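Letters A, B and C mark the chains in the order given here, with residues in each chain numbered from 1 onward.
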Amino acid sequence: MITFVVRRLVLAVLVVVAATTLAFAVLRLAPGDPFTATVEQVGGSDAARATLRARYGLDQPIATQYLTYLALVARGDLGPSAVEPRTAARIIRDALPNTLLLMGTSIALAFIGGVVIGAWQASGAGRVGDRLTSRLGLVLYSVPEFWLALVALLIFAYHLRWFPLGGVASPLAWMLPPGAQLLDRLHHLALPALVLAAVNAAVVARFQREALIDVLPEPWLRAARARGLSERRTIGRHALRAALPPIATLFGLAFPALLGGTVLVERVFAWPGMGYVTINAIAQRDYFVVTAAVIVGAIMTAVGSLIADLLHAALDPRVRVA
Amino acid sequence: MSEPLLSVRDLRTHFHTPSGLARAVDGVSFDVARGETLGLVGESGCGKSITGFSILGLIPPPGRIERGSQVRFEGRDLIGLADRELRAIRGDRISMIFQEPMSALNPVFTVGDQIAEVVRVHRKTTRKAAWARAVEMLTLVGIPSPGERASQYPHQLSGGMRQRVLIAMALALDPALVIADEPTTALDVTIQAQILELLQSLQSRLGTAILMITHDLGVIAETASRVVVMYAGQVVEESPVRPLFAAPAHPYTEGLLRAMPRLGGAGGRLATIPGTVPAPTAWPDGCRFRARCPYAWERCAREMPPLYPVADGRSARCHLVDEPARRTLPMLAGAPAPGEGDHSAGGAR
Amino acid sequence: MGAPAALLAVLLLVALLAPLLAPYDPVLHIDSVGLSHSPPSAAHPFGTDVYGRDVLSRVLHGARVSLLVGATAALVAVSLGTLVGVTAGYRGGTVDSILMRLVDVGLALPRLLVLIAVLALWGAPSVWQLALLVGATGWLAMSRIVRAETRALRDRDYISAARALGASPARVLVRHLGPGLAAPLLVATVLFTGQAVVLEASLSYLGLGVRPPEASWGNVIQEGAPFIGTAWWVALFPGLAVVLAVATVNSAGEALRAQLSGRGRWTPPVLDLASPDGVPPAGRPVPAIPVA
C-alpha cells in the first residue's frame, strides 16, 4: 500500500514537471517577448525590462532558463500577468475556488446520479426502461457540454427566466443577508452544475451499468440469495458494492475531461473560474496566465487521480491489502 | 415412522433454452430424515447440484421448477411458496455450503460482516450481537484468533479457512438442514479430511441434517448413512451406504465404485465409465444409461426401467433387478465387456 | 449495426456532397444588413447568421471540415497508439515500462488545457494542422488498449509457437497480431472519431480551431453563442449536427463492438478446439445450464 502511494506520488510529480515543461516551451516559443506587454504596463523603461529578464532568467542559456523556470514554479511563482497588476498565480488562485465549486458540485451530482441510474438499468437489463434510457444516455454523452450549456441558457435563462444568465452571484448580492446570499449563489450555480452533471452522469451510468452487469453472474450473489437475502439487498448491497471500484477508476480517468468540460462551460456562463480566466487570457496574449492554468490543471488532475486511486483502494480490499 | 424433515417428490427442473428443453432434473424423489446425512452422488451434469438449488427455489430463468414437483420441508411445500416466505427459510432453516468457498463469498466485505449479515437478515438483533455471533461461530468452526479473522476479507484466508467460514455462516442460525454442494472438492486432500470431520462433529452436536452433494463416493463413505445416486436427471439407485458399497444394484453405481481410488487396492489404472453423460436436451429413450452400460440389451432401449425395489429398502432403476440372470450375459455374448482395456479407453473421444 | 451504419453513411454522403446540397454559398454575405439574423424560414430553414449567411449551408459545409478533422485525427491517434502500444506490448521489459510511464504522464495532463496552450501560441492553425494536433494528443489511451491486446495475444500459444518456430518479429506482428488487433482497432477508430469531432467543436468554439470564414460546426456555434438569447438558431443547429454525428458514430462503434465481442475475441477457429477451455467434448451439457 505504501509503495503504491509512493508510486502514485512520483507519477504526480512527473505529471506536474511535464506540464511545466510544456508551459516553458509555450513561453519560449511564443511570438515576441512574453514580458513586452508587462513592461509596457509598468512604464516601459529598459531598466524594468532588464530586471524582469533577470528575474525570469531570460538572459541565461536555455537549459538554465528551464531550470530557473522549474525552480520558480516550484516556489509557486507562475509569472506576471501581461495585462493586470496581479501575478498569474494570483489570478488563478482567485479563480480556482469557483472552478472547484462548480466541478465538485457537478461531479457529486454526476456520480450519484450515474451510479443510481446505472444500477437501476443493470438490475433490469434488457427491459424497455433500460433500453430506452441507455439510448438516451448514448445521445447525452455525445453532446458537447458547452453547447448543452448554450441550449440550457437559451431555454432556462432567456425564455423561462428560471436561472440567471451567468456569473457566480448577482451584482448587488453583497447587500443581501447571508442566507439570501447563499441562495443567490446556489441559484447561479444550479444551471452550469446541472449541465455538466447531466453529460457526465450519462458516462457514469453507462460505466456503472456495465460494471454491474459484469458482476451479476458472480456465484457469490447466488450464494447471498441462498442465505435468504432479498433481491434488493443482493443487488443493492452486494452487487453494487462490488461494482463500485471500477467507478473510482473512471473518476481518475475522466478527471482531465471533466476539467476540460468545466473550462468550456465556465465560458458560456461567464463563471469566473480557471477556464474563463484562461480563455480571456488567450485573447489578450497573456501567456503566463495560460501556462499557469496548464500547470494548475495538471496539479488538479494529479490530485484527482490520486484521490481516485485511494478511493479504489478503499472500495476494493483486494487492492488495499495485496 | 415420523415425517421426514425434507421430502422431495417428483421434482422436475427444466431449462427452457433456445436450443431446446433441458430436463436437468427429471422426476427426482427422496427423503432426508432429521439429523441424518443423505449423500447425493453422480457425475457432473447429472442434475445433483440443480436438485440442491431447486430445494431452495434458486433456479434462474430460463430454468423453471415444473408443476407437480413437491419439496416438503418441516410440513410445508416449498414449491409455490411466496418469495418472502422462501427467503425466511433460506439461510435460516436450510442453508447451503458451496464447492468454491472463494466464489461463495463477496470479495469486498469482511467475512465477519457476511456472517453477521445473515444473522441480522433473519433475526432482530443489534449489529453488535450479530458480530458477536459471527465471532462465536468462527470459534466453533475452529478458526484461530476468530476476532481478528472476522475483520479480514475472503482473499486473506486460505481455502480451508474460507470453507470453515462458509460452514460457520451456514450453521450460524442453527438450521435443520444443510445442503453441502461438493464442499471439499476444491480443497487439498488433508484439508478435505479436516473439513469433513468438522462437519460431522458439528452435525452430531447440533443435530443438523445434511444433504451431501458430491461426485466422490469416498466422501459419501465417510459421512453419509444413505445414498441417492443420480444419473441424467433421475434417481437411479437409492440405498443405505454399506449395502451399496458391498453390492451396487445399478451398473452406473458399479462403474462409479470401480472408478474410486482405494487405499491398499491393487495398483494400476483406475477404471472409468466409458462415454459421458448425455446432453439434458436429448435424454435417450428407454434407459438413459444404456449407451454406457456393459449389460444393456434391447429391453433397455424399448422401456425406461422403473425404480425397482430391491431388498432392505433399497431400489434401483435397472431392468437387471427384474432379470438378474442378465448380469453375467454380456461376457458370454461378447458384448462390450467391463474389462480393463475398455474403460481405461473411456472419455468422450 | 444496421441503423447507425446507415445513418453514418448518410452523414458521410452529406459531407461529401455539401457543395451540391447547400442552397447558398456558405461564406458569401448575401445581404449583410437586410438578412442579418433572420429566423428560420422556407428560404433559410436554419435561419441566417449575423452577416446574413445561410446557416444551413454553413452547417452542411461545416460537416466536411468537422468530419474530416474528426476522421483524420482518429486515424493519426490510432496509428500512433498502435505503434507505441504494439512496441510496448510486444517488446515488454524496460521499453514497455518507459513507454507506459510516459503514457501515464500524458494521460494525466488535462488535454483541453494543453491544446489551448499550444493553440494559443500557434494562433489559428490550418484544418490539417488542427487534425494532426488533435490526433497527436489523443493516441495515449489508444496505446494502452493496443498494448493490453498485444500482451494478451503475445502470450497465446500460437504466437509463442510462431516465435519458437523462428518467425521474424515483423512477420509475427503482421500475420498473427494483426487479425487479433483488427477488431479493437476498428472499434476504437470509430469511437475516437466521435471524440475528435467534439474536441474540434470545442476548440473552434473557443476561437482556437478552424479559422472563419471557413465553416466548421464549432466556429458556427461560436458565431452564434453571443446571440443565443436573440438569434438562437445560429448556435442551435450546428450543435444538433454535432450531437447527431457523434451519437451516430458512438452507436456505430458500440454496435460494432457488441458484434465483434459477441463472437468472442477473434481467434483462429482451428485453435479453439485445442484450447482447454474451448469447445467442450460432445455430449456434455453446456452453457445454458448453470451448474453451480
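The rule is short, and it goes like this: a contact is a pair of C-beta atoms (placed from the backbone, for glycine too) under 8 Å apart; a residue touches a chain by one contact, two chains touch by 3 or more.
Values in this document were obtained by computation on a predicted structure and should not be read as measured data.
*Asks:* If you tally contacts for every chain pair, which pair is highest?
*Replies:* A-C
*Asks:* Select the chain at the greatest separation from chain A, using centres from the mean of Cα atoms.
*Replies:* Farthest chain from chain A, going by C-alpha centroids: B.
*Asks:* Averaging over Cα atoms per chain, report the distance between chain A and chain C in Å.
*Replies:* The separation of the two C-alpha centroids amounts to 23 Å.
*Asks:* Could you give the separation in Å between the centres of chain A and chain B, each centre being the mean of its C-alpha atoms?
*Replies:* Measuring from centre to centre gives 55 Å for this pair.
*Asks:* How far is the middle of chain B from the middle of chain C, if each middle is the mean of its Cα atoms, in Å?
*Replies:* Chain centres of chain B and chain C, defined by C-alpha means, are spaced 54 Å apart.
*Asks:* Return the residues of chain C touching two or more other chains; collapse runs of consecutive numbers into ranges.
*Replies:* Within chain C, the residues that touch at least two other chains are 292.
*Asks:* Among the residues of chain B, which ones contact at least 2 other chains?
*Replies:* Only 53, 98 qualify.
*Asks:* Among the residues of chain A, pick out those that touch two or more other chains and give their numbers.
*Replies:* 219, 222
*Asks:* Mind pulling up the chain B residues that touch chain A in the complex?
*Replies:* Touch list, chain B to chain A: 53, 56, 58, 87-92, 95-96, 98, 100, 103-110, 117-118, 121-122, 153, 155-156, 169.
*Asks:* Considering the complex alone, what residue numbers of chain A touch chain C?
*Replies:* Counting only chain A, the residues touching chain C are 11-12, 14-15, 18-19, 22-23, 26, 29-31, 138-139, 141-144, 146-147, 150-151, 153-154, 157-158, 165, 219, 222, 253, 256-257, 259-260, 263-264, 267-268, 278-279, 282-283, 285, 287, 290-291, 293-294, 297-298, 300-302, 305.
*Asks:* Can you list the chain C residues touching chain A in their complex?
*Replies:* Chain C reaches chain A through residues 101, 104-114, 116-118, 120-121, 194, 198, 201-202, 205-208, 221, 224-225, 228-229, 232, 235-236, 239, 242-243, 246-247, 249-251, 254, 292.
*Asks:* Can you list the residues on chain A that touch chain B in the complex?
*Replies:* Residue positions touching the partner: 218-220, 222-230, 233, 238, 241-242, 245, 315-318, 321-322.
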